[in-house]
Amino acid sequence: MNQVRRILLVSLALAAAAVGSVRAQETAPQDGIESAALDIVPPGPPCALTVRDYLEHSDSGDKIEIEWGLSPDDGSGAGDVTGYVLSRSLAEGEVGDVLEEIASGATHYVDVSVEPGVEYYYSLEAYDGTNSSERVWAGPVAGRVNLFQWSRLSVLVLMLLFFAMVTWFTAAAGKGAKLFVRRIPGLNAIEEAVGRATEMGRPVLYVPGIGEIDNIMTIASLNILSHVAKITARYDTPLIVPTARAVVMSAAEEVVKQAYAEVGNPDAYNPDNIRYLSDAQFAFAGAVNGIMLREKPAANLYMGAFWAESLLLAETGFEAGAIQVAGTAMVSQLPFFVTACDFTLMGEELYAASAYLSREPKLLGGLKGSDWMKVVSIVLMVAGIVAHIVGLEWFVAWFQTQ
Amino acid sequence: MRRQFPLALCFISGLFMAVQYFIPHPMVQDMYERLLIWLQTLLAFAFLLGTVSLIRVHYHKIRHRADDRGYSWVTLLALCLMIGLGFFHSAHHAQGSPFDKMFQNVQVPIEATMFSLLAFYVASAAFRAFRARTLESTLLLVAACIVMLGRVPIGDMIHSSIPMATRWILEVPNLAAKRGIMIGVGLGMMATSLKIILGIERAWMGGGD
Amino acid sequence: MNIFERFMEIDRRWIFLAIGIAVIIPFFFPLGLPVVVTEPVQNLYDALDEIPPNGQPLLLAIDYAPATLPELEPMSLALLRHAFSNDVNVAVLTLHPAGYGLAERAMNQVAEEMGQVYGEDYCFLGFQPGISAVILGMGVNIRNVFPEDAYGTPLSEIPILDGVRNYDDIPLLISLAGWSAAEAWVYYAHQPYGQDVGAGVTAVMATDFYPYLDTGQLVGLLGGMRGAAEYEGLIDHHDAGVRGMDSQSVIHILIIILIVLGNIAYFGARRKKREQERNAA
Amino acid sequence: MAAIIWTTIGAVLTLSVYSFLYKDNPFYKFAEHLVVGISAGYYLVIYYFNFIQPNVVSPVFQLRLGGEAIGLGSNTWWLALIPGLLGLLLYTRFFPKIGWVGRWPLGIYVGGYAGLGLSPIMQARVLDQIGANALPLTSVTNILVVGGLLGTLTYFFFSMKHKGVLGVMARVGIVFLMVGFGASFGYTVMSRVSLLIGRVSFLLHDCLHLI
């Protein structure tokens, strides 16, 4: 029986070769005729071709997913299938254009080049280097436009929760609600440092970093500067503020002047002590170091955005024997401040100190929102750990990247 | 028009960019593609704004006869030279053109050397300022010394446990601490972005009416 | 003034001199200490090694500026050498304007050394401003962002970019940066598009990237000159990275000694002072 | 010959910067100001030829002439013109009377970039990290990583006083933070030293050919 089929197929193939069938030319390589003499048995066709709109990543309707079962001669059987040829057309029964030649062993393909909403027909044939199997058909299928990317639901949910908290706290603070922020230990250290400078009759040096005025750290620093200026105004201790940006200098002038006026000691304000030194990083650091050595401040406060110059400032200050308090959210500079200063406000502590002192709604809103989001994060993490224990692995997968 | 309109533009553009992440509809995505190119263009123009400001600063120094105006001349002439070589020398972007040579032999050595100065300052600060005065700074310095030894070949020669300890520090306590900071900073960044979009944070508009 | 105090008062320029000498000597008398390969470097090496030859290109983002050149250029050279010796195609681009000249310099050096042909083995897309907009735009279509290469040739005419549309056609992306660009590739290429991202960063930033390695958001990481030296060892082509490791060892030892001496002197001086105060009282 | 001259220029400038170690001096100041001008000029040219020329200038001309623009995603010349015009509006800030117009493009720009970052940052910096930290508490390492993150987050929690359990957790957090900072410290030192090695290698290897 098998032999009869073989003979039949051989004659069919020869006939096809003789008339130079378009299809044979399309699919066979250049040396097709020659090898046809050696292998004239087409492979068995792939089975169960299915097509469907691609849903895994809630796409924009430009993807269609195609799956099939292996040809009986792929891997097993004659084992000579080298690949599959996938074609796509717009009309039923038509072969259309070759979309892709897929290596053997594959049973899955995603067409990423479809027009959303257009109906397509797909056909697939197995191919053994010389002969092609019968074609299997599937369709019609259309890529559906999705309105929501479901795989990103977790991001949306948690983001909305976070934003709700931030806006709620901001609004509440704006209406004058008393939002609790714990006192930051670094603030006591600042007051002690200023107190000691007063005792010694030496000035206080306040460096607001080298960030621009729109840097959040600089803004936070100016709030703390206002607090420091009020203390120095009360004690009548000179306050030197060197700056690296012209705009920051004028902002600092305003802040200090107003603080002196609020405390009722406007005459003690000395505009010459708010100085613009240089925009260049190392030149600025050099000039501040000059101030430390000449004017010998007893307290050095570094608050704001610092880069590599942190090291130069902290070293000279330490050497000069001043009490040093630093605060920055530049993580890479924190280690130097921690080892060379008496006290350091680390990362968000700078913002918290600023919000604590100024009670400004927008600072408080962000701080409190982030605070409670951290609680949510901890809860999520603990829930994830529990989920691992009870075997609910999908829970962690849900909020991790998909 | 002066304050409300730009705030509205900021809100619309921010909201659209935030929302498109969740909407795969082609209409939204087409607009998203176009807006991305707009944003890129604006960034390019905003960058060149910095150059104009630089010219103004140095021009003022020269006009007002500031003490160090000689250096302002250096900056301005260097700028003009590069623009001249870039725009009026035919093969400006080919390797080995005078424009490229200026970059490779003037800008590269100066910038690369500036930061290497810090190696000297770190050494001097190591001797004069890094003190194990508290439990915190002691922990920090001990961890730092282990890592410094563990990441150079000589650490392995001294004892094979040093690289292992370094790896443990990096992958356990460092990982946990940096992850905590990462989450905190990430939330702060998002809160700031949100406040910008909603018009609560307006520092970008500058002063004035 | 006791001995400790006097010891601490030395001019710091002596320390500068000591560092200067310590860095130069190992260049003339190399110790040749072996460099052991760590896991993040091995992972990046393996990821690049798995890219099929002459197929979809590796995307190499040379995002560094001159300030961090000594740490990051050895990485560029080592990665390019590895890719070219495996016949892996490479498309280079930069997000930093200064990266333009630095990318050309690294790329042309290695291409010349290994006889690679522009367009057929590698290409240079040039610089584009606007980090997040560029990275996200490339996720839609690289041609939206880079309509032509750095020399004005449309991308459609560059053979190795044939059939490359977006991140789906990029097996691996490596960003070399001394600033936040490397992180931006994680946020905007890995997160929304699932692109495999590897990074080479300065040692200053390296410790902050361990959380990304742990989650798999980064497939591998080269940290500082040491990372480059490890990679040079893996591809068996020793260059600036390995050459620098001896000096690195010597200076690290010197700095640790300085920290220890400084602390001894400090606590010694403090104890002396306390004793004096007690005696006076 | 030309190569020697260029390398010598590089070497002289490198030494000028190092002269700052002795003290601030005119050579250092010259190099410092020179590089500001050179880099600004370099960036300007690179921005123009890599971005503005192909993406702003040439599409407008090409579309105007009836050709096809590549890469812009827009197919009418006036649409290609809009971003460029908006960009030019930024420059009104140098004219005090109409300076406020510059806020329009700035609004689009600031808002757009703020919006773009939100979700990827939430995913990359928060959700993925928490997910990766939800570890089964089966090994000492896992317990330490979980405990360390709990402690660090508690330390940066400001809405309650650090007393009792919170106080203990915050102490744990600070221990982890300090070891983490120690790692950064070590790596930062390593980084700076590498930069110095690179420059010394340049002087000895590329300029003097001693090694």
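Letters A, B, C and D name the chains as they come in the text, with residue numbers starting at 1 for each one.
Going forward, a residue touches a chain if its C-beta (ideal position, glycine included) is under 8 Å from a C-beta of that chain, and two chains touch if they have at least 3 such contacts.
Remember, predicted model here, so these are calculated numbers, not experimental data.
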| item | value |
| --- | --- |
| By count of C-beta pairs in contact, the leading pair of chains | B-D |
| Label of the chain whose CA centroid is most distant from the centroid of subunit C | A |
| Centre-to-centre distance between subunit B and subunit A (centres being mean Cα positions), rounded to whole Å | 16 |
| Rounded Å distance, subunit B centre to subunit D centre (Cα mean) | 3 |
| Subunit A and subunit C: spacing of chain centres that average the CA atoms, whole Å | 20 |
| Junction residues of subunit B - those touching two or more other chains | 21-22, 29, 33, 37, 39-40, 43-44, 47, 93, 103-104, 107-112, 114-120, 122, 124, 126, 128-132, 136-137, 140-141, 144-145, 148, 151-152, 170-171, 174-175, 178-179, 181-185, 187, 190, 192, 194, 204 |
| Residues of subunit C touching at least two other chains | 16, 19, 23, 67-70, 98, 101, 128-129, 133, 136, 144-145, 150, 190-192, 203-204, 207-208, 211, 214-215, 217, 226, 248, 251-252, 255 |
| Subunit A: positions in contact with at least two other chains | 152, 155-156, 159, 162, 282, 331-332, 335-336, 338-339, 347-348, 373-374, 377, 400-401 |
| Chain-level touch network, classified as line, ring, star, complete or other | complete |
| Subunit D partner contacts - residues on subunit C that touch it in the complex | 13, 16, 19, 23-24, 27-28, 67-71, 97-98, 100-101, 126-129, 132-133, 136, 143-148, 150, 152, 154, 186-188, 190-192, 202-204, 206-208, 211-212, 214-215, 217, 223-226, 240, 243-244, 247-248, 251-252, 255 |
| Complex contact set, residues of subunit B against subunit C | 21, 29, 33, 36-37, 39-40, 43-44, 47, 93, 95, 100, 103-104, 107-112, 114-116, 119-120, 122-124, 126-132, 141, 145, 148-149, 151-157, 163, 167, 170-171, 174-175, 178-179, 181-182 |
| Residues of subunit D that touch subunit A when the two form their complex | 20, 24, 29, 32, 36, 118-119, 122-123, 126-128, 130-137, 146, 149-150, 153, 156-162, 177-178, 181-182, 184-185, 188 |
| Residue ranges of subunit A touching subunit D (in the complex, touch as defined) | 152, 154-156, 158-159, 162, 180-182, 184, 280, 282-283, 286, 331-332, 334-336, 338-339, 346-349, 352, 367-368, 371-375, 377-378, 380-381, 383-385, 387-389, 396-397, 399-401 |
| Sites on subunit C touched by subunit B in the complex | 8, 12, 15-16, 18-20, 23, 31, 33-36, 38, 65-70, 98, 101-102, 104-105, 108, 128-130, 133-134, 136-137, 140-141, 144-145, 150-151, 192, 203, 207-208, 210-211, 214, 226, 245-246, 248-256, 258-259, 261-263, 266 |
